[in-house]
Structure formats: structure tokens, C-alpha cells
Amino acid sequence: MNDATQALPNFRSDNVAPVSPEILRAIEAANRGPAAAYGDDDYSKLLNQRFSTLFETEVAVFPVSTGTAANALSLATCVRPYGAIYCHKEAHIDTAEGGATEAFTGGAKLLTLPGRHFRIEPPILREAVTGAAWGVRNRAQPDAVSITQASEYGTVYPLAEIAAIGEIARDKNLSLHMDGARFANGLARLGCSPADMTWRAGVDILSFGATKNGAMSADAIVVFDHNLVEPLSYRLRRAGQTASKMRYASAQLLAYVEDRLFLRLAAKANSVAAYLGAGLAALPDVRLVAPVEANLIFAKLPALAIDRLTANGLQFARRGDEVIRFVARFDSTEQEADEVIALVRRAVTGPTSIGL
Amino acid sequence: MNDATQALPNFRSDNVAPVSPEILRAIEAANRGPAAAYGDDDYSKLLNQRFSTLFETEVAVFPVSTGTAANALSLATCVRPYGAIYCHKEAHIDTAEGGATEAFTGGAKLLTLPGRHFRIEPPILREAVTGAAWGVRNRAQPDAVSITQASEYGTVYPLAEIAAIGEIARDKNLSLHMDGARFANGLARLGCSPADMTWRAGVDILSFGATKNGAMSADAIVVFDHNLVEPLSYRLRRAGQTASKMRYASAQLLAYVEDRLFLRLAAKANSVAAYLGAGLAALPDVRLVAPVEANLIFAKLPALAIDRLTANGLQFARRGDEVIRFVARFDSTEQEADEVIALVRRAVTGPTSIGL
Amino acid sequence: MNDATQALPNFRSDNVAPVSPEILRAIEAANRGPAAAYGDDDYSKLLNQRFSTLFETEVAVFPVSTGTAANALSLATCVRPYGAIYCHKEAHIDTAEGGATEAFTGGAKLLTLPGRHFRIEPPILREAVTGAAWGVRNRAQPDAVSITQASEYGTVYPLAEIAAIGEIARDKNLSLHMDGARFANGLARLGCSPADMTWRAGVDILSFGATKNGAMSADAIVVFDHNLVEPLSYRLRRAGQTASKMRYASAQLLAYVEDRLFLRLAAKANSVAAYLGAGLAALPDVRLVAPVEANLIFAKLPALAIDRLTANGLQFARRGDEVIRFVARFDSTEQEADEVIALVRRAVTGPTSIGL
Amino acid sequence: MNDATQALPNFRSDNVAPVSPEILRAIEAANRGPAAAYGDDDYSKLLNQRFSTLFETEVAVFPVSTGTAANALSLATCVRPYGAIYCHKEAHIDTAEGGATEAFTGGAKLLTLPGRHFRIEPPILREAVTGAAWGVRNRAQPDAVSITQASEYGTVYPLAEIAAIGEIARDKNLSLHMDGARFANGLARLGCSPADMTWRAGVDILSFGATKNGAMSADAIVVFDHNLVEPLSYRLRRAGQTASKMRYASAQLLAYVEDRLFLRLAAKANSVAAYLGAGLAALPDVRLVAPVEANLIFAKLPALAIDRLTANGLQFARRGDEVIRFVARFDSTEQEADEVIALVRRAVTGPTSIGL
């Protein structure tokens, strides 16, 4: 009773993935006898310790059920109701979370910025922040910056760029939030330490995604700025985001980082994406919209070709008339990528009228 | 790495329970290959159908990650920001959800009512509703009633009482919400159909609990009033309550109702609770605070005796100086109940000074 | 085109009063030529200075258009969304402001307390605060106390009581808000200094009412706790409470406190109230519900008598079957009080069936 | 004690204006004896009738204390928390009200549109609305359009443009809100009836500004869509926007529309603005940024010249390096305009280095 039997490979989203076997086994192992609720179980108690080791600093970790909750509650803890959050104009928090950030902040403003390769550019941010209406009572007051690593278009901020953004944030007393729905994919790309990509570069609070990369239903908020821990803990409970049987989410998260599983899973996804991206880029009439640096491929091709792919039943996400997105997962294969490349080749080289 | 090896039985809460084997198997079975996200998978598509069969009417079902989310989002969909919700003064929504209902409604008011056996009494409700400041602009306007079945103290509304409340609600154009965190325990007690205990008695929207009774992390909102379906669906997404890999929650919920598993699990919990309640009530200096009609036992006993139980390491919840709560689960046993009874017996019959 | 020609005296509310001549003249005087907007005019600039002199400490003053705005925005500045506010169960903020405090705080909870003479009793408050669920994530966290001086029933907190409440607040790190819709009436009663009745007794922020006591449309928030000034200033603008032509509100407030006008006006109202209260108390079948300490009289008399007064066209507020409220104003007279006493005498001594 | 004695004319904003004599007289006339509170007085009761006559249809009128309150509460009544509002990217609701609309709607989104002359262009609106993510749960749902008449840059929507926008709104079931902070200036420009400029063109709810054009503190919400009346009335009270002594606001509003006073006042302001605009446009190095159609003049001139004007003490608003705004009022004169023109002439023709 699932879609596994379908003929064509599915590159629609990372969310279509199953749970990785290691994580499912961890859930099963946690399923023995009673355990204290609301985070007082042994798994949850380990979380802070394991993640503090992973991040090489003392962090607080809060499992949440979705990335939207992670983002919106992180930001609500950093931002006053009359505050403003700088983000890229393609940021998921602005375009695809149903206004969760506005809801949980009590109506704060998202100020969107342009930026090449779907990343905030430090000079653009600095200009915006410097020119903000500081202290003007009828204007939203800058409180936070949110960056997405890897970005919504699969590009990856280099460390120097995060650090430059972190410096601007620190200069202006803004919190720096990282939407890490694809944290592992970004980290695998950079090959640096989790610490380097986060708090050492100025990140105060992190939406640590696991669900897209092999977990079942376990994202987390990782808090580097200790002042945010207590208020966040209340906001989570009030938001219905404090799971009673938390051991199952915690067990997933522990397994996810155990022996760097999360990096192995992400590296696999990135690798298939790179392979698929290269294959597509070599096709006539196909152009990559953004460099493939993580597990997402955005390709521009003729609308007619896209229509054909849709008609064929290929699973992908369309973004406008001539742009499509493919997402590679930890369970994707080069063979599946080859199939997609072949299908796209046929679609773009077919007759120019839509005789499907 | 869990608490299973502890010496004493754990009757602290239903939330300490593991996942029932049937539900864990359902999760494992769902873990094959890719599946569409955000509820477009085969499992989630089945939910509405199976629950409509179960409830003998067309319902919409939305999985959520916690009961708090279920309650607060259900009520936010029924109630205007300047509206009011009638509930019992011991209602979980007022006493133990961190203000989630106030947060998600935009600041609606909870109007609490007294009532014997921790249930709203229809005459008290009617008097409150009738005497409300209808149309007065500086007073909260009645919009909903929320009842908890089984109640926070383990008592169960008889059908006639729900119907009487439903009639008041209908007369006054109020929505009727049921907090069914222990829906199965209430239903097992009454032995009626799910339809009889809900929409046939006037319930418009139901927080359908499964987590406390054997699921891993899967509660749901079941909507009987079709007008609420669309607005609820937006509020859920905005609240970070729309799981991307929804198949896992849906698979749990399907298994939970398959072959009435939920009733078998609840019947077991209720049965152990009845056994434990009877055993405790027979002890000297022990009095049941409320009739044991579901899986909760509230007992009054001397503070000194409670201190002894705590010192012994018995797991229960203390509610004030002289009241304690025990909760039986699907995986509780009469043997464990016997152990508790023996411990309590020793605690209440010990010397009157606290030589522990 | 107003109600001045009506035959019977009007004791319905202080809000039915006209503007005192002194304040109207101040408005007229302010109406010359252009003046800077949003508080940068000369009148508004004087406000902080004059009120700081009046209160013998440095305060910040913000004119607002209503007492509801003053209360709700004061409290929203003191209280976290997951916070709680202690107030008397008859507090206006809970019973008569349409949920403004819940709205502006983002859904904080009002925790109501009983208390003789419609005042919070320090021991009851201390017990409530001490027994609060501090640090428990699913329970509202105490953040503020709100007292009303003079109270909603016209009683007045003695200084020692305010100080005792202030001490509890300070001990527990709660903000102390005073709803001073009838601040002048309370102050005139006590005969102490504004400083003694506020910050010296622990008050952090004050809703300073002027509209009920002779102003046209000018209440204010007076801030003693300097940490609240900046966040309040943003919240006011965002709430639509920062008047562009602020000079007119400021001119009213300056005239209101000039030469202690506000105390003279309040003393007059209090005096007529005392006279009316004594006259009513002397009648058969009439009993004062609360001591008359400010400008409000609550009297209990037979329902039939109240019906007769209503039928006669007397202007008062009915509070239940057998309780009515009279409010004396700066422009009320003893002659009007005599008229009311005579009417009530006839109403209570008439035949026992309602032959009106 | 005001700024009237200053040497230079003040064209900084319409908010610096005093109250027109007619309106001050109306306030004085209302100040006789007691009058019912919260809108039950004779003045307030007349409001609906007089405005219904003025607008040639049955309307409900609610006085409010500021334009920000008028806008935010109007929109909050039209828009779901997960809804979206289309407005021009220079709309006051987005740029200058401290996030009031986000606050009162519970976090709805403002979607800003470009448009020549600072007006929404119907084709751009239609494209945006048509391309909206209707029904997509993680995207804000279009609920309203807000236009500003006269616009923030003093341009005026022709009737046909409003009607075209109204048609789009009707087609898509969106509410159409008009921010009429300068309603009279727009209406005076068009010379049409209030009905033509509002409901006949599809406007559902109107922020009716009076404060900028001669009132003291009295804006209003005029409701054409009867479904909005009741919910708005609750929201106003909850927002602290229901004045107790409402007669004074109502008396202002009645005087404001009596014998079309509001149009005479606006015509005067528009006329001085046209005169000033023409005079400035004729100067070397000065260019009008927008056509002068109401009472605002935006002029581009060298930064150095602006610096000189500032140094001279001329009162205007700077909008960026090279743009300044002048605002003419009902009490502005052509003589004052001449003074400004002379000052600007000297500023732009002075030496090119800033020897002030």
C-alpha cells in the first residue's frame, strides 16, 4: 500500500523518502517498557549531551514535529512582535510555511532580500541593516537574520559568507537563525565541522532538519544562545510541539547523528544530485538554474518538454513555466538518475509540437 | 537504555507507555520506498475513508503531533478572537496546555465551570450560556463548549449528558468540541458506537487521542462539521502541524482503529484501573476522589503515606498534599496493580511518624 | 442636541460627564497654528516633565485614547505571551474590556482572585503566587499583578495594602500594574501624594485615567519602570494609539494636573457620592454593597424597587437582580443626590406589587 | 506654547495642522451636560444617518482615534489570519504603521505590488491575484486589496481605476479596503460623489480620515459591506478603540461633513499644493516626483540644496538623499507657498559647495 511499485523514479522531494533502516531500528530499540514522558526519558536526556559533543559546545536540543515549527518557534523566540527578520526572497519561511513565522511571532515582518544563487549576500544585508529605520516607532525593528543552509535552491553558503553575515548580525545585535532543513546536505558539501558551520560563524539558533534526510518525524531546534533556551521551552509547549512520548523522536535524532549517519545519508543524496545535474546540464536546451551543491537540481527547459515529462508520469516539482526541480535522497541511485536523464533527453529532443 | 528494568511498576501516566506491537508493525510496513508527502500518500488518503466508516458519517481526519495541538487548533477553528469557550474548571485546555488555546485563538477566553465528578453539568452550562452577555461588545462572546471524554479525572460522560450539552450548544449556536485524549477509554467504558458518543450527541469536532493508548506520536483531529474542514487545514499548516512524511502518522492511526485495536487496548487499561481502584478503595485511610470509570485512579490518602510511596520510588503523580493519581495503560497488569496495592497498604498502615 | 434637558439626574457612569471647563479652555488654547506631530510638539514635550514633578520621580507619559488601551498595552509590555496576570475577580480587565489584555499580550492568562471589598488581599495573593507552578512548562508563568485604584466597586486600597502587594510583586519579580481609571478618586480619598500611592508602594506602570474625571478623550500610561518605556512606545504605535495631533491630548493632561485640578474634580465627585451613599443607606430595605470610598455607590434593594426606578427613567447601572450602581461625577450636585434619594425612597416604600 | 510664532512656513505634514474653527465649535457645542457613553449619545446616533445620506447608501460608522487603527482594524475584519492583502509597495499600512495590520490580523501577509504614480495598476493586480497560490495550504490566501486614496504620494486614483480594481476584487471574492487618510483630498480632486469613489466602485470598507484635514482626533471606519459591521464592532472594543465619551468624536465628524466642510478644507489644501507644485516645478534643478493631484508635493532636488533648506529651518519631510515632501493643509496659504518657493530657489541656485 505505497508508491514503491511505480515504474518511474521519484525525484519530487526529499519528503517522499522512507525512514533509513538505522533510524527505524533505533525506534524499535526504544520501544521497551515504560519511559518518562515530556523529555525526562533516558533518550531525551542524552540529546543535549550528544549534540553538545557533535557541536563542540554546550547546546540545548528540542525535538519538534516539523521544520515549519522549528523555524517559526526559533524566530518567535528571537524577535519582538514589532521586530523584523531579514531573509532571502526565496526563503521557505516567507514563501512556503503558511505564515507560521508571522503567526508565532505575533505579527513580525519578514524583510526579503535579493541575492545571487539564492543566498543572502553580505553586502546587500549590510546595506539593508544599516539603512533600517532604527528606533523609528512606526517601522519594524530589525531583530534577526535567517539563512537557509543548504538553500532552497540547493546552493550552499561558504563558511566565509556565513561568518560575514554573522558579523553583521553581531554588530547590529541581531540574532542569526539558520534554517537547516537540509543542514546535513550543506555540511556534507562543505566538509567542515558542525561547529564551523554554525556557532563559530555566528549562528545563534538552528533548525536542525532530519526528516528530509532519513528520519521519520524528527526535526529539532538546536540552541547556541543560552538566553533563548528558557523562553523557547515555554513556546514549544504552548505550540503543541512538546511530544509526550519524546523518547521516539530523541531516539531518531540520536541514531541520526550516531557515527555521522546523517552525513553519510546526505553525501549519498548530494552525490546522486551532482550526477543527475551534470547529466541534465549536458542535454541540449537544458540549463541549470543554480549550481548543484547539495541535493537539489533546478533545471530550465522548454515548457513543452516539461509537459511531456508530466505526461510521462515522472515525479518532480514544477516551478513556473520552464523550471523544474529534482531532489535526490539518501535512497536515490545513479541508475534512477540515468532514467531521468534519458526521459528528459527524449522530452527536449522530441518534435516541437506537443504530440504527446 | 530505558526505564524498563526498574523494580517498581509505573502508573505515572499513559504517556510512559511504549508503542503497541501492532502499531509498530504498521510503521514498519509503511516504510517501503517513496511515498507522496503532506498527506497525498496512500495511507493518508485512506484515513478519511476508514474513519468515516468507523464514525458512520463523512468525516475529515487530520493527524497532529500532540493532543495540545489537537485541542488548540480545533478550538481556534471554532472560535472568534473575541469569543469564549466553556469548559470544566479542571479541563486540560485550561490547566495544563501552556495557554495553547489562548495562543492559537488569538486570545479567546476560557470560561470555566464547576461540575460534579469533573464533568460539566448540563444545567450549570445552560445557566451560564443563558446568562452570558450576548451582544455586549466588551464581553467575550460564547462560541464553543469543550468537554473531555474520558475526563481529566477518569470519569465518563454518559451519552445522555453529552446529548444534553450538545442540545444546549445547538440551541445557542455554539460549537461542541470533545477533547478525546482518552477517547478510547471513554468509549470502552460506555460500550456504545463512536458515532453515538460524538456527532449523534452533537459533537462538531474531536481531538482523537491515540498516543496515550498505544500509538507513537499520532493524535488526530476528526471533523464532523464540514464548515470547519477548510479553515482547519490552513491553520494546521501554519501551526507546523502538517507532517511532511505523513504516511507514518496515518499508518499508526489506521492500525489503531483496525479491528478495533484501540478499544481492546483501552479496555485492558480500564480493566486494570478498575482492579487497582477497587483494591485501593478497600484499604484503610484511602478514599477514591472520583469513580474509576476509565483508566485513571485518584485517591486521597494521608500526606505521610504519600511521602512514603515517593520515598519508595513508586511512580505516580501527586496532586496536592493528599491526593495522588495512578494511570493504567494497555500494557499494565493486575500483578503490577497488586504490587501497588501492597505498597500503599504498607504506606498507610505504617507508624504515624515519618520514619521512612 | 444632548441629554442635558432631561428631567432626572444622571448617575449612570462617570463617562456621561462633559469636559470640565478648564480642560476645554486648554484645548482651545492649544489650537493655534501648526505644531509638530506624534508627540514632538511643545505640549507633549512638557508632559514628562510635569508628570515627573507630580510623581516626584522621572516618569514617561504616553497619552492613549481609552482606558482599555492603557490597561492592555501596559500589561502587554510587562507580560510574556505565556505569562499570567493576577487580578481581582471583578477586575475591569477581566470582565469588561472585551479581551483586550488577552489580545495585546498574545494570549496571556488572567488569574482572578477573590478579595473582600473588591480588592486583592495580600495574603490571598501571596498564597496564589507562592503556590504557582513556577517553571512548569505547561502552566502560565506569573509575570504581573494588576490592581484597580479606586476599585471597580469604589473601594480604595490603603497605602499599606498596596505596599504589601508591591512587596509580594518585588519578591517574585512580578510587575505591578495599577488600573487608575479612577486614580484621582482614590488619591483624593487617601489624601496622600501620587508618589506614595504608586512607585513608592511598588507600582511599575499606571493607567492614569482622566477621561472619567473631566477630560475629553485623554487617558495616559505613566511608566515608572524605565525598562518598559521603549517596548511600550513601539506597542503603542503598532496599536494605533499614538495620536498624530498629540498636542490636544497632552494639553488636556497638562490642564488636568495643573494646580491639582484633577484632585479638586475628584474630591467633588467623591463628596457627592458620600452624601448619596449615606442618604441611601439610611433608607429602609436599602443596603450598601461596598463602603463608599470614592465616587461609586453600589446599593442592594428589592428587585421590585429597581424596576420602579427604571420605569421612572432614572439613569443608573443595574448589576444583577437586586444591585444597582450610581456614579457621582465632578459635575454632580448634592441637590441631584437628594432627588435620587427621594426617588429611591418612594421606590422601596411603595406597594409590594409592581403597580408602576 | 506652540510653534505658531516660528518665522518659516510649515509644510511638514497635514498632522501639524490645528483644528478647523468649525470643528472646534462643534466640540464646544457638544460639551453640555451628561450624555450617554460608548456611542449611545445623540451625536453618535446621528453618525450613521448623516453618513448614509452622504454616501447615498446605508453605512455603519465607527469613530476611531487614529488612521492606523482604522486601517488595521478594517483589514483585520476582512482577512483571515492565514490571509493576504494586496497593496502598493508604498502603502502606509506596509511602510509606516509599525506592523499594526500584521498585529491585528493575527499575522496576515501584505503582498506589495509595484505601480506607476504610486497606485496599484489593475493589470498588475489581476496578474498577481490570478497567479496566487489559491488553495495551497502553505501559502497565504488572498482575502483583500487595500488602496490609498489620495495615495501616499498625493496621486489620485481615477474612478475607472478604482472600479477596475473593485471588479477584480469582486471576481475573486476579495474585500476592497480604501485607506482614506486623505479621502477628502482625493474626492475634491475628482469632484465626484463619495458614493462614486467608494461602494459604487466596489469599496467594501473605508478608513475615513478627518484628523489630517481639520479634525482634532477623529478618524472613522465607514462600512459598506454589512457583514463586516458586527465583527468590527467587537474588534474595536477589544482594541481599545471604542471611546467612552464618543460624543466628542462624533460631533467632530458631523461638523466635518456638515455642508461639505471637509471638501472645502481639502480643496483649499489641494489648491495651495497645486500652486506650490507648479512654482517648484518651474525652478531649475527641481523635478516633481509625482503629479500633484491632492495636497502632497514630492520634489527631487540636489542633496546640497536640501541640506541648505534644512539648515534654514524649513519644515518638510526628507525622503532619501534627493527627495523632499511638502504637504499643504486647509490652513496653508499661497503666501506661505511663495516663501517656500523663494527658499528653494535660493537653495538650488546657491554656490555648489555647501557654504551654508
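Here the chain labels run A, B, C and D in written order, and each chain numbers its own residues starting at 1.
Here is the rule we go by: a residue touches a chain if its C-beta (ideal position, glycine included) is under 8 Å from a C-beta of that chain, and two chains touch if they have at least 3 such contacts.
Model, not experiment: these values are computed from the prediction.
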item	value
Most widely separated chain from chain D, with each centre as the mean of CA atoms	B
Comparison of A-C and A-D by number of C-beta pairs in contact, larger one	A-D
Same vs different contact residues, chain A with chain B, by half of numbers used	same
Pair in C-D, A-C or B-C that repeats B-D, with over half of contact pairs matching by residue number	A-C
Centre-to-centre distance between chain D and chain A (centres being mean Cα positions), rounded to whole Å	42
Chain A and chain B: spacing of chain centres that average the CA atoms, whole Å	34
Distance from the mean Cα position of chain C to that of chain A, given in whole angstrom	52
Set of chain B residues in contact with two or more other chains	38, 68, 81-82, 97-99, 103, 106, 137-138, 234, 237-238, 242
Parts of chain D lying in touch with chain B, wherever the complex brings them together	38, 80-82, 106, 137-138, 141, 231, 233-238, 242
Residue ranges of chain A touching chain B (in the complex, touch as defined)	1-5, 10, 12-13, 15-19, 24, 27-38, 41-43, 46, 64-70, 72-73, 97-100, 103, 211-212, 216-217, 234, 237-245, 247-249, 315, 329, 331
Chain C residues touching chain B - in the complex, by the definition given at the top	68, 81-82, 95-99, 102-103, 105-109, 137-140
